[in-house]
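Look at the two complexes coming up: chain A is in both, with chain B in one and chain C in the other.
The block that comes next holds the complex of A and B.
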């Protein structure tokens, strides 16, 4: 009975979000500017979704997501421009590399948590951008890889519009899968380990291992986002993968809501709206975003979606006869 | 009850600097037995529990379950040796429901290795629901006295949180359960519910070590008592005999006995 209700709610969430994403795809189609905004939303969403399992569910704040985003983007760009392999290889190679880096970094920092973990991983994120600029032979240095051929799949040219649509659909797929993962045994164990790690460990689950797997999963998601970003732009430059992007993204689930991955997506949308879209505020967009985060933290500590869902519950409980 | 020894501790030693917290502790726990481990504050009970569960490492001696030596972190002892425990300060994820906290006890074996974790990520994305596991969670939770498993643990009383821990331990079908100070901070109702939970544990055939400093409470619930003071075993035997023993008088009533 309970699980039936839960399943029904999950299906409702799946289809309503699909409808929203399809509307978004139809709305931005053909308008280059809107498509650029859309790919930014998709990219921020993928970073936010990457953060979701290790940070929001597990409490491990690793900040190196700009590096995973960059690895995914450069993997596609380098393979498309410098090797004879198809661009498609860039996606799995980027994801595998990102996962490997996340595991190595996570293992090296396994005794750190909270502030110190965040600091060390920020340093790694900064070092990654410097490395991109320094290794000109591989990455094109400061100029990046200015252009690579438009990818072709089965004879169909993947135009700007098509890739943007695919990227938005991927956000939907990842968010739906993460929402399912969250309530699965793995998700329950990750969420429990946040506050009751001693007990989870005593039940037979190695905390250090489950953290590493979550970090690898997050890195894979961010890398996929990076690959899509590169495919849309058909170029990569190091500045796109600076650490700032993580500082903005880390707050997105707080803003959107933490109890579902869709909170991260909503937050990502708001970040882009505040920092890029509201041109009249231009410089102050980031400041406005910071203010919005503060307001949400004070007024609706569970995020906008958390607020909406309790409002909805209140409404339905009033409507249903008792 | 039969005489098959499930857990054996042999010459366990633990020293913190100048303090010998546990000294040459040797005892065995039999199948289906409830053993009370008592002693005043600072007697070494918690250290002994930590040594058995793997939270700390002994300086000498060993502990074994069914002839297999306990080694490595607590997670390994839970998986390999079938050891489960509860905590003096309940370790329950308060933002999760009773069902979710207890579910960990059922699903932990499949999440015990890297391969298992990766598989569970894939399976979790494709088919996240746990109907079969939930049935087991429901029945064990109801048996220990937690009928409403959809409640969030932040709404529970301390006594109910202890029951969540007992259910989480019990649902894993362990061979030995360590109950660490299950009465601390509890009321009369709490004592009654723990003793009810104990009966449920014994039904499953698991052996129990019940740790507490309150000798009277423990004596009423267990078959056998091990009395610990200054890290050493002073008495090991029948609960009623223990209460009347000179060792007990010495430890708990000190000067009065003299």
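The block that comes next holds the complex of A and C.
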């Protein structure tokens, strides 16, 4: 009975969020400004979803996500502008490179946790940005790669609108898959490793392996987000991939709610709202965002969706006949 | 180099105090330092204040920020999570970000120069190197802060309690020491040290609202390099880190500063996380 109810809940979640994403696509299309906002939400969501697996589920605060985002973006830009290959190769190459970097970094830091892990990964993120600026032959240095041709698939030009729509759909696909992953045996093992690592090891699962897999998975998701970001803008500059973006996104799953990947998406939407969309927040937007995060951390640890769902439960339990 | 070393050491000492008194790494120490430096620069250059008043206001503001971090953020979160590490880490990263944004909003987002505390008409020449007054001031102030702190830890009642808390918080609690008060004192001291370090170093490299993150990272590495065995250990760690950074960027170009720092962190954290001067416990 319970599993049936839970399954119904999962389907409800899948389709209601699909409806929301489709409405969003229909709402923003054609309006260049709204499309810019939408791609920012999609990019932040992808970083936040990438962070979700190792950080929220696994409890390891790895902060080098600006590097994975950058690898995805630069892979598309470099392949589209400097090689004869189609831009489409940039996506898998970016994802493979990010996963490889994440695994190597994860292996080098496998004995670190908490503060030590956070500071090494921040240092890696900073070093990545300075590498982007320093290796001008490959990445165009500080100027980045200004423009590359609009990608074409099967004779159809991928315009701004189409790429934005694809990016939003990708967010939906990734969030739905992560929601399933969370309940899968792998997801349960990752979540359990956070508090009961001995129990997980005792059931024959190597923690070091699942940590590396979850880091690689997160890097792949962030890289995909970076690729979409580059395709929409048809250019890349190193400033877009500075460590600041990690500080903007790392709190989004906490703000939105940790119990579902959709919390990360909701959080990403709120960040863009605070820092980009509303002109009244122009100067103080990031400060208000930071204070909001602190308030949520101190006073409302379950995040917005957590409270929404318990509110819903309360309501339905009242409505149900006893 | 000496000046940068002094700076890293002071930030490392700020970590050391909170680590001893409250048992965790206060990553917000870099933004405190930045806040004090930027506040005093802003008062001097934009508001036209005299330097000493500006520095005192910067230090006072930093102490307040530091104590508020403990009272409003760290204490409630640690109480709820029962001493788990991750929630406190996330919270302190959020504080780091919030203080940077607060400073950016209050004092503007453009970096400001700092003003040296003393001038010489002619820099003293030692061999091939010229030493200007601010270097001497930095060294003297750093040594004074380190000496004062280690004397305080050895002789004052609260200093002794703080060392006891650093050794074993549970035992200290059982003995009835005022843990909560010691924690607040530790945060206030860290704020004081950061408040001094900020304006002292701003005169060398200037200060912007985003500088706090790298201060935090470099101070943390200085502490880990030096170890937590003695209040003097961060001084050694800071000097070592500054030497490696300057050497690598001098020989291989400025990008290598970041690469070298990353390499030190990875290697040192993995191989010898207890630092050079670890406390030896008699078993």
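Methods note: the second predicted complex is superposed on the first by the 320 of 322 C-alpha atoms of A that agree within 3 Å, B and C clash if a C-alpha of one lies under 4 Å from a C-alpha of the other, contacts with A are read in each partner's own complex, and residues count from 1 in each chain.
Going forward, a residue touches a chain if its C-beta (ideal position, glycine included) is under 8 Å from a C-beta of that chain, and two chains touch if they have at least 3 such contacts.
Everything numeric in this text was worked out from a predicted model, so none of it was measured.
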Touched partner set for A:61, first chain B, second chain C, both or neither: second
First, second, both or neither for A:166, with chain B first and chain C second: neither
Partner chain(s) touched by A:34 [first = chain B, second = chain C, both, neither]: neither
Partner chain(s) touched by A:158 [first = chain B, second = chain C, both, neither]: neither
Touched partner set for A:291, first chain B, second chain C, both or neither: second
Touched partner set for A:210, first chain B, second chain C, both or neither: first
Chain A residues within the chain C interface of the complex: 59, 61, 108-109, 111-116, 118-120, 122-124, 126-127, 130-131, 133-134, 243-244, 247, 250-251, 254, 283-284, 286-287, 289-291, 293-294, 297-298, 301
Chain B-touching residues of chain A, taken from the complex the two chains share: 2-3, 6-7, 177-178, 180-189, 191-192, 194-196, 198-207, 209-210, 213, 217
Residues on chain B engaged by chain A in the complex (per definition of touch): 53, 55, 73-76, 78-79, 84-85, 87, 91-96, 100-101, 103-105, 107-114, 117-118, 120-121, 123-126, 128-131, 133-134, 150, 165, 168, 172
Partner chain A, residues of chain C touching it in the complex: 24-25, 27, 72-73, 76-77, 80, 85-87, 89-91, 93-95, 97-98, 101-102, 104-105, 210, 213-214, 216-217, 220-221, 224, 253, 255, 258-259, 261-262, 265-266, 269-270, 273
